[in-house]
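One structure, pasted below without further comment.
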Amino acid sequence: MPDPVVTLTTDFGRDSPYVGAVKGVILAINRLARLVDLSHEIPPQDLRYTSFFLRACLPFFSRETLHLIVVDPGVGTDRALLLVELECGKLLVPDNGCWTELASSTPAPPHVIQLTEPRYRRPTVSATFHGRDILAPAAGHLSQGLAADALGPPADSWVSLDLPHPRREPWGWVGEVVFVDHFGNLITNILAQDLAAHRECCFEIGTRSLSRVVRTYGEVPAGTAVALISSFGMLEIAVNQGNAAAQFQAGVGTPVIMRTARADVAGG
Amino acid sequence: MPDPVVTLTTDFGRDSPYVGAVKGVILAINRLARLVDLSHEIPPQDLRYTSFFLRACLPFFSRETLHLIVVDPGVGTDRALLLVELECGKLLVPDNGCWTELASSTPAPPHVIQLTEPRYRRPTVSATFHGRDILAPAAGHLSQGLAADALGPPADSWVSLDLPHPRREPWGWVGEVVFVDHFGNLITNILAQDLAAHRECCFEIGTRSLSRVVRTYGEVPAGTAVALISSFGMLEIAVNQGNAAAQFQAGVGTPVIMRTARADVAGG
Amino acid sequence: MPDPVVTLTTDFGRDSPYVGAVKGVILAINRLARLVDLSHEIPPQDLRYTSFFLRACLPFFSRETLHLIVVDPGVGTDRALLLVELECGKLLVPDNGCWTELASSTPAPPHVIQLTEPRYRRPTVSATFHGRDILAPAAGHLSQGLAADALGPPADSWVSLDLPHPRREPWGWVGEVVFVDHFGNLITNILAQDLAAHRECCFEIGTRSLSRVVRTYGEVPAGTAVALISSFGMLEIAVNQGNAAAQFQAGVGTPVIMRTARADVAGG
């Protein structure tokens, strides 16, 4: 595997020298590593956001990819650091549950390794920057062909986040906003198949309601609010060429209710 | 063409999982593609800004480059998706006019293709994310050497933006601010050659005026407002080590008037 | 040196077409150059910030790396442009002192060259964008193997910033905040060894005080303020899972006093 891709996802911020330090460590070990920035703007230490983010973009990558993820509120404590082998690549992550949603979409339990081998760390490991001192060197060595098992022993348990699940009711679903994108579109945790089964629905977002279901934004005039299936496969509330988060005064955690027209008759 | 460069320009926002999804799709097709981020901070769905942005940076690239551009307010409607072959590379773009200024600086009409071939799309095409499902796979396949014509039939017309042009008057020019850079410098649509012909000018920006023309910022003390020829080849209003946008309370669309001293005599 | 890494550090802003122009110029000369973004969010024209930034991340890179740095308030004046050879790579920089801290951490004086050779500039050099017209072509040619000496004559002097140094007092140290990271952690210019020698200290940040010294954030409950040794090797004031800059109303330049408990007896 020459010239392997190493993606980077951190909460360091776009102006941070920490990003550069991590890149330097990887490239000093393997200058042929192909670094690909995913985001350095994960909200600081927000594990739930990270879990959504990873589920939204990592599945498009291939198995040979390395993914370095540094969102690490527990840095320097005894939380483990992990290598997780998935269909979409090998994750290098703190054991804090930030890959919970990726894990739950995997059919078989993943192969997980604890990164304990000191040989593949920086000579001096700081107490506050394991991304640079442990995860980045592991990425550098793996990208050169080091076998995963050389990094430490298998792990048989790991942290999972307790994420909100939508609730089934006789008349529909109760979910919530789980992600607000850059356009202000509200992505919920209600799944596409639950929406698809009911073409006539009405939705409540906070104190506001909505009944227009479309396939894409451009089917309605600019400024019109609609419900649709997002490209993530979930119910999305959007405003064509506008900002639904602002219009509905909604954000992550805002309850979203979907009432299905046929529910009273057929029970769903 | 091994290891081709694929540049990315989007309005997805720096914290967006959409960027990562696009990168994953390209790299899963051709893991040797060299991804180069241009910007993911195009103001949402701002086609005029996109047009300026592309004209400002794409001409520096070479013909072998692929440029993926995803600013797409019409996603999911029947607007076409295009491959445009220019001197500065091949553009993969929605047909919304976002490359209008690049087009007008090209001597011959460009070769344009409609991306209709389903074989080079993702197996399932969403209604809201053609950047990921159509443009990104096209970039991946082209970067592997696929001939452009395999992607669809030639297009003989496309959308153009109706952009503001500066107006010639007997006493000078009436233009407007078309771009404000990160330093607050005001880039106008008045061309360098029109400024260069008249070393003594006076300028009106909104309700304020200015008469100092310089070659570069450092010729005047910090805080002084000047007019100069921007590196884009247009009239620029700047404040040395300051922020002209703030000082002049100006932004995109603010009128800028250039009065040339010799105009009354010689007519320009 | 095939496929060399060229890092980019600028104050152009994340939405800037200037970044794309620089990338285009480098890749048009050497399409195999591996571009690595460090930051495009250096605060505009902030040389002191740049100096800290470079010292914080460049030392992790290897000697073969090229580092293009465009923070250039003096663009177009007669300030020189330099190639600086360091252990961590070759810097291409305006001569404005932005690499002062890197220079002072180097044992021997670096080899420095003035970039005067017109052959390795763009055919037309603008007065306002030497990053694109002089530094970027130099990076492109160096990445193809051009010898550094071909770019111009050696320089034997260069600008240095006058940076604040911490002051030794009989009872401790008086320093200041030199960097605030994305998490709000306050990095000071008081060195790790001065803190390490005194496990019992008390600190004054502006009008507030603090006496808790820890090894890492997670040793205290969320919301607790602590002092620790940052991953940069300097005294850091932080709030576990909180924002110290907000809590202490502190920023770059805020005085930080460290009183060492044993100082009265032993003089430190």
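Note that the chains are named A, B and C in the order they appear, and that numbering of residues resets to 1 at the start of each chain.
Note that in this section a contact is a pair of C-beta atoms (placed from the backbone, for glycine too) under 8 Å apart; a residue touches a chain by one contact, two chains touch by 3 or more.
The shown structure was predicted, so the numbers you read here are calculated from the model rather than taken from an experiment.
Mostly differing positions are employed by chain B and chain C in their mutual contact, as under half of the interface residue numbers are shared between these two copies. These two copies of the sequence, chain A and chain C, are related by a rotation of 120 degrees on CA atoms, to the nearest 5. With centres defined as mean CA coordinates, chain C is found 31 Å away from chain B.
Annotation for chain B: residues touching 2 or more other chains are 14, 34, 37.
Residues 3, 5, 7, 9, 14, 34, 36-43, 52-53, 56-62, 64-65, 88, 179, 181-183, 215-219, 228-231, 236, 241 of chain B are the ones touching chain C in the complex. Listed in rising order, the residues of chain A touching chain C in the complex are 11-21, 23-25, 27-28, 31-32, 34-35, 37, 44-45, 73-77, 79, 126-129, 132-133.
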